Amino acid sequence: SGSGGDGGSAEADTLIVTSQAGDMQINFNPFSLSRIGGLGTIYEPLFFFNKAQVSDPVPLLGTEQAWNEDGTELAVTLREGVTWSDDEAFTADDVAFTFDMIKNNPSINNSGYDGVVEVVDDTHVVFSFEEPAFVKGPDLLSTPIVPEHLWQDVNPAEDVMENPIGTGAYTFKDFKPQAFTIEANPDYWGGEPEVKEVRTIALSGNQAGADAIAAGTADWITSPIPDIQNTNENFPNYEHYTQWQSQMVLSTCSSAEMGCEGPQTDPAVRHALYYAIDRSQLNSLAFQETAAEMSPTFALTPSQDEFVSDSVSEPVAPMEPDPAQAGQILEAAGWAKGEDGIYAKDGERLTLTVELVSGWTDYITAVDTIASQAAEAGIEIEAAQSSWNEWTEKKGTGEFQLAIDSLWQGPAPDPYYLYTYFFASAAGAPVGETAGNNYSRYSNPVVDEALDAIAQLPTDDAEARQPYFDTIHAEIVRDMPYIPVMTGGTTSIWNITKFSGWPSDEDLYAYPAVWSAFDMAEILKHLEPNG
Amino acid sequence: MTSVHVTDLVKDYKLREGLKRTRLRAVDHVSLELTPGRTVALVGESGSGKSTIAKILTRMERPSSGEVEVRLDDGTAVDGKAYRREVQMVFQDPFASLNPFHSIEHHIARPLLIHKRTRTKQETRERVLEMLERVNLTPAERIAPRRPHELSGGQRQRVAIARALAPGAQVLIADEPVSMLDVSIRLGVLNLLGRLQREDRLAVLYITHDLATARHFSDEIVVLYRGRVVERGPADAVILDPHHDYTKLLALAAPDPERPGGVAADTGSIDRDSIDNGVCYDHYTGQWRETGVPASEARERSI
Amino acid sequence: MTNPNPAAAPAADEAAERLAATSAEDGRPIRSGWRMLLPTMTPWLAVGLSLVVGITLFGLIGPFLVGDPEQIRDQGLTGPSGEFWLGTTQTGQDVLAQLAHATRGSLQIGFLVGVLATLLSAFFGIYGAYKGRFVDEAFSLLSNVFLVIPGLPLIIVISGFVPRESRGLWTIAVVLAVTGWAASARVLRAQTLSVRNRDYVAASQVAGERPWRVIMVEILPNLLPVIASQFVFAVIAAILGEAGLSFIGLGASNSSTLGTMLYYAQNGFALSLGAWWWFIPPGLIIAMFGTGLSIVNFSIDEIINPKLKNLRLHRKRARRAARLERQLTRTASADPEVSDR
Amino acid sequence: MTDAIPEPRGAEARPVLTVEDLTVVYEVDEPVTAVRGADLVLHRGEILGLAGESGCGKTTLAYAVNRLHRPPARIASGRITFHDRSGDDIDILALEDAELRAFRWEKLSMVFQGAMNALNPVATVRAQLRDTLLAHRPGMSKGAIRARSREVLERVGVDPARLGSYPHELSGGMRQRVMIAMAMLLEPQIMVMDEPTTALDVVVQRDILREIVRLRDELDFAVVFITHDLPLLLEISDRIAVMLEGEIVEFEAADRLYREARHPYTRRLLGSFPSLSGTRGAFIRDGGEPSETTEEQV
Amino acid sequence: MSYFLRKLGFYAIALWAALTLNFAIPRMLPGNPVDILLAKLQQRGGTVSPETREAYALLLGGDDSSPLWKQYFDYLGNLARGDLGVSVSYYPANVSDVISQSLPWTVVLVGLSTIIAAVLGVALGAFVGWKPGTWLDSLVPATTLLAAVPYFWLALILTYLLARVLGWFPLQGGYDVTLTPGWNAEFIGSAIHYGFLPALTIVLASIGGWLMGMRNMMVSTLSEDYILTAEAKGLSPRKIMRSYASRNAVLPSVAGFAISLGFVVSGSVITEQVFSYPGIGSRLLSAVQNNDFALMQGVFLFITLAVLGANLVVDMLYGVIDPRTRARS
């Protein structure tokens, strides 16, 4: 390439994506937090897990994987005939090297891998664990594999790998702080991809992303865009697609035992708020109709519907508000409406403060909206803006009442991960100490037990796992430590004139988001230039 | 009655020129005496240290060495706030010495109040009017509420004189009091000063460039050259019979239509660069006196 | 000359000081001090004042007349209409109501910063120059250092460290004031130096006035136009500065200012969506207020530097004089004997 | 004693500048007539003193003569004629811009009231001399410019080494001399000097006056010397014009004016100067004993 | 000479003050980079084990046990070696690398437009001041309005009109990213094309100040005696305007220019944000957003150094162009 006018869109087989965090600093180390790319495209994992829907892992460097009965050994068969892009052969030793390296470097061992890997022969490795480790499978199998012959002397925590060598469908081409390019790997084991080059350009912020689409200088962005409903008219070459993964909630500091203070420690208040929210209005005012309904069981709808317990009376949160119900719940719990229309109990007014991050305009709007909706139901909501790290710290230490937030998914389409992240006692802490992800400080031995039990079961043994999920659902719907709001949509806009093969409702082969590296790598392999 | 004794006054200014520091001796071992009822004129070219002496006498500058003693009749030394009462000053520029923001009354009332010369408002007002009348600013009631811009230069200078005398000053330092005024009103102001001096038996230091008025309005003339006194004596004696080269030069340079030769009068016979300020002629004793190293370079030294 | 002390002349080496000094010297007051402080009314000044007063009133009274600016409505992003004169935001909030509250917030910031910065600069500029010697050296060094330390980045860095919820109106105001006083301190210092050397200051010292009285009663009135002009500058700079900070997301949180309003408009893609009624008015208010203040400042400038005023006053007359003179030369050259006396 | 002062030379035959009925008005709110019907004849080689109190219009008159007055000042009436050495008469008020520029300095140069500030602070003496020369003698060679600059400086007693100096590096007296040198640069026929020595020391002032008189004698230009120091004027001028509120109230030979001033104002002016060498307490002419009356008059 | 020495002394003190301020600010205010980094990590998924936490603490050197004075001298020592620490958001890149990558963009864009604005403004101001009363006077209120408009607002509107509606300029970026940065005509042409709009906004926003300042000085200067003398000397108006009036009137603007260089980089924060322009301002902003304290400090330090350096140069220059300065020290 190297020629072309105002943007890469002129080059028919170059796909342009954006990174919206400003200028880049070269870093292709797949284990580095500040890597700018290369994960999935250059460095491949053993398998690809499609978070967008429940499906079997896609074999990449691994072709088969199997657990032993009690979940302490995982045997993986590796693909044959794969070479690194410097023409060295990929072997089981590389896999063993990668996992040993991770174990020896705690700062890159984000998933807490503690197994032992054994090379059986060139194409077979076995991971063994002391405890049943079924649920660690997805993390483990999505670990990017690096070449031993190049990484022997690499400090995986600090080196930036300016010249990344991997097995992936793409190889590194060039880097500028404002853009870097990867190009198709002609020797890729799966065949050279159709999209010959992929350029990531650095922009600053959402407006810049929207501008890039308007100017046609980007082919795929994942960020809010004005007037999204009319994308097709505004930008005829583009189409938008939304997937729902992040469950927006009002996190509460729910546990009085753990030291939480405020009305929200009363489950009735949390339920009342749950019914007070007008989710349809919220969707239109704050989220441009891009959010979707949400289940109080925190199983994603619709992709994880199969997990939802039959005993749950309300599988999805009501879209319309029900102030009457909210009032009943409160009154049953001893709250009484004051003269100003706000409930009170023992002289304490039902006033709650929501922590939010300034600058997150959709959430700010959402809280504004919720506040006026809650007022209808006799609950007073105040908003308090702070910086992201302040907000994080407040959640971490438990010094908050409510915080608008979103819960994220695990490495595989399995609600188990979300429950361990956000509902397990181990992830919480007393107020004043820093909690893990369980900011609500929810601590329920029944849930903990159920989670432990699930961890002992193979992830594909749905029948055995379901009773435990049922238990969890019953508990968390009753306690509601996180008040479900809606499932946030992740919207991508992509160029359908230049490329085809994008994920769709019919074929949702990956979760479409530019920043979700493995998914993006998978999508790149599926795309084809038109003409 | 108050007299001022200035002995061996020295004032050094520190000049900084980057890393080099030098000292400028603006006033070099000057001794003076101001006695009640007498006017001493201080003459000398620009930069000879006249104003510096005035500033030291009014305590706006501190002398580097030497003494300024102000004594009342009974011999008690005056100091502190009383000093400010006894020694007052009239400035050169009547346009600059009155604050445009304050009324004439304010200008005169302030010193009265500061020095607690009056007790009640009524009394203050009366004193102010009285002072204005003394300097011939009549009708005083009409002048008092005005602001400086409503007065002419000569009137302003009278206000300045009234202000100086308001606290009951016995010593008056007048630093070129008329040089900024129109020629036709200069004599008026000087005459006023002379009258007040006679009435109150003030001790006056009259600083000027103008030899002619120095001669006519003072009893004694002290000639200053580069910080040093080079000649002193009764006014007529100094002007009409100058001894020191510098005084001669000054006298020759001053315009005088009476003088034969006019502009052709040759001052060139006296070379300014070779004027010796190491000696001083004293008309009272009729003698020359050594006053220090006779070099003009002595003024600036590095330290 | 009574005060030819070159060493005490302002060791000015920069623009502001020299300008200030020259203008202070040749402005020998012919008019009374107090009257001198009042700018003469010109059509321009009238325009400027009405802009400033109008917007200030809008900020002061407006919030009582409009509805709740936070009120959310189902119909978002509608253009100006009879119900909502300036339309609504994305969430159906009344832009006019927001504008009124935001104007108040911005005015608050501007006023606070103006006062704080003026106090700081007056202290460091006037007091230092009056005391002279070491204090002056130290103070002017300090203000020079503050002058070269880049303000906005410093503010950004400081805001980065200040927790957001304490980053309220006051914090932002203090930060803006602390980084913004230096230039006016230098101007004030130069002015003070020239005023301090006037004879009436010496006269009041000789009369035995106390230093603070000399500063407050003798010196300060002469500095009022300069202080006023610096204050006006500080207000403009503060409002613009706050808007800039808010735009990059570092403004005063929990308080609504025109800057935050623009920030939301920008984040809500107001311009891309063609919602000019949301994006244009806040900026326009700032621009008009700033313009109004600048025009007021022109008039103050005329007090500080009378040459500017003479320029304006004489412009018309000068033209007339030139015209009359041309006529004269024409007639004179045509008929040498003619004279129009 | 006036015999040392040359009589007005050839007053009968050699006028160089005639001002007739000149009126200058400042077009301000209440128009100020700063010069009112002034009639003056300046003779070749004479020193004409212009005396009067502050604000009487001396400077205005001097500016108007060279048409240097700026709006709102305007010449309301009158004629100013320059009689060139060549014999041509130039009507100054009728000159076009370019002609006027060529006339200025070449024929008539000026030394201003604030001569201390009349030099461009950011240019060297050399550059300012050169500008002047080149403006009137375009194409003058570098060497010639240098030679001429050195020559004029030497003539006023300034070391030519000072050519490279900036004005602020010169003392007040030197600056004044440089200005005079500049005024002589083109050998004009008239030099107007507006209080050229006011800010200077008496001794320096005397030196400069002597210089002016000497140069006049050498180069034979006419001088209009403006000051309010009457004794000084009496010493150096051939003839003196006394101005009062814009009008020339008396125009006489210096010694006549001194002895038998006709106008009361002139007499009062004269009385304002005590004599240096006369008897103590006596004043020139009818100054008399210092009296309360004088005091009151202010 | 002494003038220069004095100036140098001043800059030494200013530099020291800036360094110390830079040292003090993060220590006076709360914030812990390790926590922030880890919170980011958690958001990307998974939980963080205590070991991971410790490992990061070690990497980032969150060791605050040594006495303050020692930290201070270590800090100065590190600076002297050019070691500004490690950027958290671009970990493990060095702060100095991050900065050196973006500095040229800012310097060229904002520096150039500042110079253009100053030169244009001063020239126009000189003209307006020289000929008061002409139509040029109407430039004054117009530029005042421009100066009172919030910069980003103006920039966004211009961008909307010129880039989006009319499509004359690219909306964002510093150059066509398909090109390789280098000294070739194509790249430079593209950089100019991309930089034009940002530059235009900067010039528009800042030209008014120059114009006003120069005009006022010009008016003051015109009443100086030396101007009158120059007229009396019969110099041509052009000559008087150039060598006499402007030459003197421009001096404060030159000094002001030094100060305004301080705003080169500060102003660039917003410009770069609006135009997604690569440069040090956007780095500073992303450092703030990511709580990258080391980078923040580094950028601030760099900006200060640049400002001091520019001021120093202009001061030295000023000493040359205004002969009086040297004498007055």
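As written, the chain order gives the labels A, B, C, D and E, with residue 1 at the start of each chain.
Criterion: a residue touches a chain if its C-beta (ideal position, glycine included) is under 8 Å from a C-beta of that chain, and two chains touch if they have at least 3 such contacts.
Being a predicted model, the structure only gives us computed values, none of them experimental.
Hopping across touching chains, the smallest step count from chain A to chain E is 1.
For chain pairs B-C and C-E, the one joined by more C-beta pairs in contact is C-E. For the pair chain B and chain E, the distance between mean C-alpha positions equals 55 Å.
With centres taken as mean Cα positions, chain B sits 90 Å from chain A. Once the centre of each chain is set as its mean CA position, chain B and chain D turn out to be 32 Å apart. Taking each chain's centre as the mean of its C-alpha atoms, chain C lies 46 Å from chain D.
Counting partners per residue, chain B has 46 as the residues that reach two or more other chains.
Counting partner chains per residue, chain C has residues 163, 249, 266, 272, 318-319 touching two or more of them. Residue positions of chain E touching 2 or more other chains, listed in rising order: 31, 164, 251, 273, 285, 289, 291, 329. Across the complex, chain B meets chain C through its residues 13, 15, 46-47, 51, 58-60, 81, 84-85, 88-89, 91-93, 95-102, 110-111, 114-115, 147-150, 160, 163, 167, 175-176.
Within the complex formed with chain D, the chain B residues making contact are 45-46, 136, 152, 154-155, 158, 182-192, 194-195, 209, 211-213, 215-216, 235-236, 239-240, 249-264, 267-268, 272. Of all the residues in chain D, the ones that touch chain B in their complex are 1-2, 4-5, 53-54, 201-203, 205-207, 209-210, 213, 228-232, 234-236, 258, 268-269, 271-278, 280-281, 284, 287, 290-292, 294-298. Interface residues of chain A facing chain E in the complex, by the touch rule stated above, are 1-8, 11, 21-23, 25-27, 32-34, 105-107, 109-112, 139, 157-160, 174, 176-179, 199, 201-205, 208, 211-212, 214-215, 217, 388-389, 392-393, 396, 408-411, 421, 427, 434, 436-437. Of all residues in chain E, only 224-226, 228-236, 239, 243-244, 247-248, 251, 321-324, 327 touch chain D in the complex they form.
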